[in-house]
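Across the two complexes that follow, subunit A remains constant while its partner is subunit B and subsequently subunit C.
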Partner chain A sequence: MKARHRPRDRCCGRSMMLDVIDLTAAYGHAQVLHGLSLRLEAGRIHSLLGRNGAGKTTTLRRIMGLLPHQQGRILFAGDEITGWPTPRIARAGIGYVPEGREVFTALTVRENLTLAGRIGSGDWTIDRVMQQFPGLHPRLDAPAAVLSGGEQQMLSVARALMTSPRLLLLDEPSEGLSVQMTAVLRDVLVALRDQGMTILLVEQDVGLATKLADDVTLMSRGRHCWAGTAAEFAQAAGVRRRYLGA
Partner chain B sequence: MFRLDAMRIVLLVLLLAGMQVFAMLGGFFGQEIVAEIAILAILAISLDLAAGFGGMVSLGHGAIMGVGAYAYALAGQHGLTPWPAALTAIAASGVTGGLIGAVSARMQGIFFIMATLAFGQMIWAFTFSARWLGGDNGMGGIARASLPFSDLSQPMAFANYALCLLLAVFLLAAATLSTPFGRSYQAVHDNAARAAAIGLAPRRIRITGFAISSAIAGVAGILAAQHMQFISPAMMFWTTSGEVLVVLILGGIGTLTGPIVGAAIFVTLKYWAAGWTDHWHLVIGALLIAVILAGGRGITGEAERRLRHAFR
Partner chain C sequence: MTAFWTLQVLNALQHAALLFLIAAGLSVSFGLMGFVNLAHGALYMLGAFIGISVAAQTGFWVALIAAPLAVSAIGALLYLCLLGRVARLGPMPQVLVSFGLVFIATELVRIVWGDIPLVLDPSAALAGRVDLAGATYPVYRLFVICIGAAMAAALWLGVNRTNLGAALRASVENPGMARAIGIRTERMFLLVFTLGAGLAGLGGVVAAPITAANPGMAVSALIPALIVTVIGGMGNIAGAALGALIVAGIEVFGAVLFPAASAVLIYAALAVALIWRPEGLLVAKGAR
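For the complex of A and B:
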């Protein structure tokens, strides 16, 4: 039985990688999250879906400590990380691939990777990352600025891996990628999951997101409104229509 | 991101050799000018480290340089020989910069500038009113460094010594920027949130960078004190910091060679234009506006860009 079809068993034995409880967040006076809860089981791909403006990106930024702490709690592998500064969260083992890549364009590919590799357990070396992204190998000493959009996205994921995370947050990784590049990315994410990594995926492409996901959480207007396995989500046509218009 | 490429090495060698020749042929006046250029260039390199590579535009660097100069003079007064006194002074400037950075590093843009201006003016006002520092009159009788093979009381020897220090500071700054710390420092400037998300601590990195920049400003202060053998609070006033910023933008911010070019042009113009007009600042001002209108890369930055374009 494939992992994604395993029945959900949240209370008994399966370990939680991330537990977000009643989280709020705001940009200045604009309240974006109004009490979001989210539970991620270890070793699974979890898709966070919702319409534009639902607060998906904000959720990732908030988990990463990039927005001021308001209310709610965040537990990572059982540790309370609520209110921690971003570098400490990264060091604790959460990798983050932001929307729009944001690689350090003035640095070479190798420098981008070694900078990130200064923290973490050292499980991920440049060699190991290159096995996941063989396409980047010939570009190692090129400035990141000259990479194509797809290559920059690969570098952004590769850079997050260099921090040896246990949980990887990805924001719209397929945005602007070619079909081939999207396929490469999909294979990488599945391979990472099979190596035991937990992945939280925010993705506009609902087809891709549900195909990859083991679990799905739907959010609307800054709150979670549905959570279940991917199989349950596939059955729930009414939910999909109501919250995604699909 | 700083790279010490062939173009920069060639420019550095040409600049240093040019100044050496100028000092040899220019007599006493030329030798004094070269020493003055070297001092200003060291201060501008220190500001380039903070502003060009760390995004921390400081109007307090004159005061931080002054801390180095005063610490050197005080250490000498208390019986330290020049080299240990110089180390003490570098440490004093570095610590001062670290403290200013610790308070200011969270701030960005105009707020950071204002914070450094405020700290700088506080240091100036304190020095100005401190009797034990000579107050308004400053301190005199400051010893030059001593070398076994050269008599630094000779203007030519001192000009060469100043050029050697300039070279050392340049290489130190270039090496610092190429270390893992230097790369992190520039990455934090590029995108602090991204740097934090890969585990770098932006605030600590910025404070460290500002302290290193300040320690280098201290070197400029020591050299200035040894050059004039007299110091006064005037060097700490914010206009000194403003002048260095002009030098940096004129020469090219974020290049490390630009500060030397800017300092050479600034000091040369000051003495040359002052020969026929009291308003030499107008000439500098016009040049500065031209540089900014041309894209703000500075003379070095613009030249590098055009050369790269030509060789592509």
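For the complex of A and C:
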């Protein structure tokens, strides 16, 4: 029986939503994460930035339990969730919007949402997510396969919300979105943060990512290399140039 | 002449109904878990023999319910103890272990029930023949057609119109993402496996009055069921139903129209299907 850890639950007066400590991960023999640490304060948008191949997507998949556990620890709202199976992690309150949307195309929009809502606390209903994404409302009974890419992305976010998460992981949500759709998404994320949700955002569009973020972690080659607030990141031109080439 | 063709159509439907009951579980566990479960033929055989033993004690109707339930339980036990682990190991261990189970089950049946084919007497209510479009047809065979059709309809509704069915379709399409929204896919696997075993058991007990139960039936039923799965496309009920109709149609009408070639026709159809649509006629969306 492992002792349940509740360390540093309240650090510096702020509560931690996610604490990732020295995490490693691999696809087969290809080691992708080499000891990543990441701390998310509750109720804030946290951008995880890095070049292609830095391990951002792998980090999210690993937090979700979609890759085999190797080393390191993951604490979620003070609970040790290291090594938990994916459904249990989802039920504990982590919502996941994967890269490439991955909506269930064999299901209707409504089925996609209802299915995710089965584990929700009921905070999020179809009516409530439709208020966030009114564009999806007329498509509720359409198969998800016929939605446009932008609509599928909205559905993917809406589906994650239906699980009533406390922490939302988003992987490249603006990819392939029109300017208008990106604006809708940005407003939704800000509104969610203002309602108290914690958001971990992986985003290729550094402009969008930094505009939205309260905090930033930079990673390179499977490790964190810089962390700070968005304001500090804006000042750190040298760091941006070195790790993002921007 | 019309009567003759009516009979052939009914024969094809009756044969398709049995094939569907065996192939449905095979197809869905194939689509959901990527599991080639050759032991499915053995579950079908056990359904027939258990049905015969139960019917001898309590009559046909009890056997019709009890045999599928017993075979479901055996299927669930096999899955929990053995096949669930093997399913994760890839095709070669799956084929070796599940085919090994066929041999074990066949020997066990020989020991318990003997080598002589056994016939199950259906209920008196299902005896006799009825007139249909100039032909007379056994009532029992019509009953088999009805059971096959009812099961196909019930399964189709269950998969396509219920929450559980939606969870199943989501798990077939993208197991990782299904887990990420909290679906416990391992429970899904167990449920599908148990249900598929029950259907095979139902197929066995329903077939027993038509084709006498014998220890060779595990293998002889397996081959056409695999062909149904390959032709129809894995992982979906409609595909299994369509595949069963095609294979049964080829077998019945092939025997009438081209008696000399009848034995090879379904293999020819299999070859054509593999060349024309190797993924099957109907494929569950996103199934890999």
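In the analysis below, the second predicted complex is superposed on the first by the 236 of 246 C-alpha atoms of A that agree within 3 Å, B and C clash if a C-alpha of one lies under 4 Å from a C-alpha of the other, contacts with A are read in each partner's own complex, and residues count from 1 in each chain.
We take it that a residue touches a chain if its C-beta (ideal position, glycine included) is under 8 Å from a C-beta of that chain, and two chains touch if they have at least 3 such contacts.
Small disclaimer: the values here were computed from a predicted structure and weren't measured.
Engineer: Does the subunit A-based superposition show subunit B and subunit C clashing or fitting?
Structural biologist: When both complexes are placed onto subunit A, subunit B and subunit C end up clashing with one another.
Engineer: Quick one: is A:Thr86 in contact with subunit B, with subunit C, with both, or with neither? Answer first, second, both or neither.
Structural biologist: So A:Thr86 meets both subunit B and subunit C here.
Engineer: For A:Thr163, select first, second, both or neither according to whether it touches subunit B, subunit C, the two together, or no partner.
Structural biologist: A:Thr163 contacts both subunit B and subunit C.
Engineer: Is A:Ser121 touching anything from subunit B or subunit C once the two structures are fitted on A? First, second, both or neither.
Structural biologist: neither
Engineer: Looking at the overlay, does A:Pro98 come into contact with subunit B only (first), subunit C only (second), both, or neither?
Structural biologist: It touches subunit B and subunit C both.
Engineer: Report for A:Gln71: first if it touches subunit B alone, second if subunit C alone, otherwise both or neither.
Structural biologist: After superposition on chain A, A:Gln71 lies in contact with neither partner.
Engineer: Please work out whether A:Glu111 is in contact with subunit B alone, subunit C alone, both, or neither, and reply first, second, both or neither.
Structural biologist: both
Engineer: Need the overlap of the two footprints on subunit A, from subunit B and from subunit C, as residue ranges.
Structural biologist: Touching subunit B and subunit C on subunit A: residues 64-66, 85-87, 90-91, 96, 98, 102, 104-107, 111, 114-116, 118-119, 159-160, 162-163.
Engineer: Can you list the residues on subunit A that touch subunit B in the complex?
Structural biologist: Residues of subunit A touching subunit B: 64-66, 85-87, 90-91, 96, 98, 102, 104-107, 111, 114-116, 118-120, 159-160, 162-163.
Engineer: Under the stated contact criterion, what part of subunit A meets subunit C in this complex?
Structural biologist: So the residues of subunit A touching subunit C come out as 64-66, 85-87, 90-91, 96, 98, 102, 104-107, 111-112, 114-116, 118-119, 145, 159-160, 162-163.
Engineer: Any idea which subunit C residues touch subunit A in the complex?
Structural biologist: Listed in rising order, the residues are 163, 166-167, 169-170, 172-174, 176-185, 284-286.
Engineer: Can you name the residues of subunit B that touch subunit A in the complex?
Structural biologist: Residue positions touching the partner: 1, 180, 183-184, 186-187, 190-191, 193-202.
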